[in-house]
Amino acid sequence: MTATQLKSAHSNTDYDSYSLWREASYRLKKNKMAMLGFWTLLALFVIAACTPWLAPYAYESQNLALGASPPSAQHLLGTDIHGRDLLTRLMYGSRVSLLVGFAATAVSLVIGVLWGTIAGYIGGRIDTVMMRIVDILYALPFMIFIILLMVVFGRSFLLLFLAIGLVEWLTMARIVRAQVLSVRKQEYIDAAIVTGLSHWQIIYRHVMPNILGPVIVYVTLTIPSVILLESFLSFLGLGIQPPQSSWGVLISRGVESMEEYPWLLIFPGLTLSITLFSLNFLGDGLRDALDPRTAKS
Amino acid sequence: MSLLEVSALNVDFNTRGGVINAVNSLSFTVERGETLGIVGESGSGKTVCCNALMRLLPIPPATIKGRALFEGVDLLTSSESRLRSIRGRHIGMIFQDPMTALNPFMRIGQQIMEPLQLHYKTPKDLARKRALALLQEVGIDKPEQRMDCYAHELSGGMRQRVMIAMALITEPDLLIADEPTTALDVTTQAQILALLNELQQRRNIAMIFISHDLHVIKQIATRVLVLQKGCMVEQGHCAKVFGAPQHEYTQSLLNAIPKGEKPTRYRHEQALAPNFLTITNASISFAGKPTPHLAVNDVSLSLARGEILGLVGESGCGKTSLAQSVVRLVDLEEGEVKLQNKLVTSLNKKALRLARKDMQMIFQDPFASLNPRMSIFEIIAEPLKLHDLAKTKHSLSEKVLALMCEVGLEANWAHKYPHQFSGGQRQRVAIARAIAVEPQLIIADEPVSALDVTIQAQILKLLLDLCWQYNISMIFISHDLAVVRYVADRIAVMQKGQIVELGNTEALLKNPQHHYTQTLLAARLS
Amino acid sequence: MLKFFAARLLQAIPVLFVVITATFFLVHSAPGGPFDAEKTLPAEVLDNLNARYNLDDPLYKQYLSYMGNLVQGDFGPSFRYSNRSVTEMILTGLPITFELALYAMLIALIIGISAGIVASIRPNSAQDYIPMSLAMAGICLPSFLMGPLLVLIFGISLDWLPVSGWGYAPGDKILPAITLGTGYAAYIARLTRGGMIEVMGQDYIRTAKAKGLSTPMIIYRHALRGGLAPVVAFLGPAFAGLLAGSFVVETIFQIPGLGRFYVQAAFNRDYTMILGTTILLSTLIVLFNIVSDILTVWLNPRLTLKD
């Protein structure tokens, strides 16, 4: 068997003590696309965080006389029809889009991990009922519900990420539960029970560390889908309200005048696509790096 | 001319850690009608070698060099289409686990007929007739019905019979069987071996039979080839190699097989403290369709302090459930378990956690029983910390290192992680974890069946030493009578949830009363 | 089979009931009414309007009468377009949306599955990287970007294809279907690749190789059925996604489908229209999920049609 052989080869080589995490980070670092994604994201975050100091113009400043102008030395990405600097608007928009992405993912993470862990660890009838609820919710047209919520309760920022988070937790719960279930079957959990650990200790010490990998991977893949969802809603005019801007709002404005002023569509679109690219490549890279099955090669 | 002539076969794997030489200049021949046994431990390259002959290895990372002439065609350099016309037509293969080797999405009839339709363009009705006849020949009853079954609807033994039928339907000249009985129960194993023997003689096919199990090789092969770390160390006629092994590795393999009685120094003097552990009228059932499955049916047992009881039976007989109920991993439906004066079955949560200090467990699969995210040190330290057996950090690390030393692990490995160890070393870690809390009772669930024979012997010796030294009682679960004979003072034989025979090891093995025990013995120690 | 289908349908009824009820009360708990936008309306006109649509009844009464009508297939009148009933509008919009979703699904399946298979044959080679990079691009270019870009290139610059309408001019269905389909094609390609690589690593593929089958035969006879399982399971969610995606695509290409109606209704607070479309779309999605489940079970003999 090749696998066993490789394993024994590993143990024969006298490496320094290293953990699976270090192994994973080594593999991740070798994945160029994932690392490119990682650095791009880091740059984006830094820029978004420091926008009030970095932005070339104030958010409210506008030059009505200028109108829509193509990229120039004064306005690197041009201005919109109201004479506002596009780069500034894009930077402020990034703050909103990224914040929604992360906050909604955080909401889904908390609910999903709790739900999935409880269902998977306890198992039996409780598991059946809990997962049945997830199945039912899963079959619902959540996009329609988010729109409904936005329509009924007004387009507030808080509501938006709560609504998205409340939808995205379903997949998280499923993934966590499947992981917990497979970890739960491992003999080291039985060994921990026989040792005398309480269930909370087992969850904390033995289950959590072993499901962390897939959870991290899924988080990196949820963020882009949330960002996309927000842009989607804003594009339809049902998400973030002007004058606040987000990538979706900017793209939707850009589409309105794309024939005359294409830069208004191209730059926001490019920013969104690059972000999605980075997150997806990083997520894929993390999945490959953390999957023990790919550890062979 | 020989049917198959392999010369200077070399297989390398390119990995991050460098090139691994899996098979090293291996040469052998297979004559028509003979069975060549290839024996070796895990990692010896026996499977890689046969997959290389059929070019079933992924290239890269593998590189194959050498020559393998099969009826004048070099299997290693022939064109892909030429090779395909040999695979499945002139050379059939049987794999270790018939559950995964059969396509779960395809009816088995279709799978059996496939080689015939592929290589001979046999019309469907004719192929079906041939498949039916063959199924009958390999001993499957009601073949008409079985043809339309899926793999998961058959038992393990039947699946392997289907695999054999599938490999034989084109009447190949050579059959390569890769550990074909390893995944099966002993009695089924014996049946499949007998079937292969019979088919091979009737049809005069040549066979390469790979196994890690010397017993099995002895029973089926005419010649044997011993592999160690990719190199051949010895080859010759079975009787000669097993009777008078030349190479020291072959000798150590043969010596490693637990044979004979339990060493006298470890033997237990009965009645020191009888009824140390008592199980009375235990029953366990699992929810199932259509009726609940009764895994353990009204079993009573008792164990003396320091005694080792072997619990023997085939998979699904309930031995694991029974043992797990002692440590309350499974709850009894009826009956009770008493350890000394404590009624284990009625302890509340907190009392149970405390009581776990006295009873520990060792599991079968040392790759699954250690948390991959914890270092060896953390794994062994966990029970010590939990049961407050080390007051200071210093004494904790002293204790862990002492335990590691005791089970034969080097102290500077403490900060390594489980995946950096071999199976035997991992099992040592598991043993250290179990004895850390100084238990009075250990449940060992097939602790050596996932290990190579030479490692097996070491681990068994270690367990015996520890039990003897600390006066630990043990329930030793195994399907392997030879192993049990070597460690157990008494043996309990389980079948279908019940203990069918119980007695002192030697007496029971010499004079088995129950017919099931007799079958087991016949299957194993022939 | 039929029994399983019936059982799942029965299970769906309470789910749909909850959905309908929740939607109804959610919509009616909204601050502001449907006629608030017209601030100039005198009080008595407003009262008349409210009376006409029974908006002055207690909520439970409105609910009961709505449910009563619904059972008979009547979604009520549209608040916005007083001369048209919701049922009428749905009946004109639904076939269009359905057709759009169908074309998009076909594009997604054909492109996605073939690209996925091609990529899975030699993982980590150019044959893998090229289709998978394209797939990644497809995922990262959402429909609301893809649509305008296609319009700019094929509609305006090259002037090859019409950029609005549905069935008015030849070829006007091409761009919307592609816009809606590509994202899902990309997703399906990734799923197919993953599933196929997983299956191709299984022992029974080695068995098939040992029997002498060629790679195309192994893929067709042994691997596809297992490898496409993730795609089949994804069909239900994909359909839901396509319907939601039609909101954007129909808005961009000005297609008079259900999605466009829904977005407009959302802006206009056209309660009955929102309610009606939500109920209809939910029902469709729930039904499609059942179909997807059944297909999954049907493809895998190890699962049984019992639940």
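The first chain written gets the first letter, and so on, giving A, B and C; residue counts start at 1 in each chain.
Keep this in mind: a residue touches a chain if its C-beta (ideal position, glycine included) is under 8 Å from a C-beta of that chain, and two chains touch if they have at least 3 such contacts.
Note that this is a predicted model, so its numbers are computed, not measured.
Asks: Is the number of contacting C-beta pairs greater for B-C or for A-C?
Replies: Of the two interfaces, B-C and A-C, more C-beta pairs touch across A-C.
Asks: Quick check for the class: compute each chain's Cα centroid; which one is farthest from the centroid of subunit C?
Replies: B
Asks: Could you tell me which chain's Cα centre is nearest to the average position of every protein Cα atom shown?
Replies: A
Asks: When the C-alpha atoms of subunit A and subunit B are each averaged to a single point, how far apart are the two points in Å?
Replies: Inter-chain centre distance comes to 44 Å.
Asks: Rounded to the nearest whole Å, what is the centre-to-centre distance of subunit B and subunit C, using the mean of the C-alpha atoms as each centre?
Replies: Centre separation, subunit B to subunit C: 50 Å.
Asks: Subunit A to subunit C: how many Å between their CA centres?
Replies: It comes to 23 Å between the two C-alpha centres.
Asks: Which positions of subunit A touch subunit C when the two form their complex?
Replies: 136, 138-141, 143-145, 147-154, 224, 228, 231-232, 235-238, 248, 251-252, 254-255, 258-259, 262, 265, 269, 272-273, 276-277, 280-281
Asks: Which residues of subunit A touch subunit B once you look at their complex with the stated criterion?
Replies: 1-2, 4-11, 13, 15, 17-20, 186-188, 190-198, 205-206, 209-210, 292, 296-297
Asks: Spell out the part of subunit C that touches subunit B in their complex, as residue ranges.
Replies: Those residues of subunit C that touch subunit B are 202-204, 206-214, 217, 221-222, 225-226, 299-302.
Asks: Mind pulling up the subunit C residues that touch subunit A in the complex?
Replies: 15, 19, 23, 26-27, 29-31, 136-137, 139-142, 144-145, 148-149, 151-152, 156, 236-237, 240-241, 243-244, 247-248, 251-252, 262-263, 266-267, 269, 274, 277-278, 281-282, 285-286, 289
Asks: Quick check on the complex: what are the subunit B residues that touch subunit C?
Replies: 51, 54, 56, 81, 84-89, 92-93, 95, 97, 100-106, 114-115, 118-119, 150, 152, 163, 166
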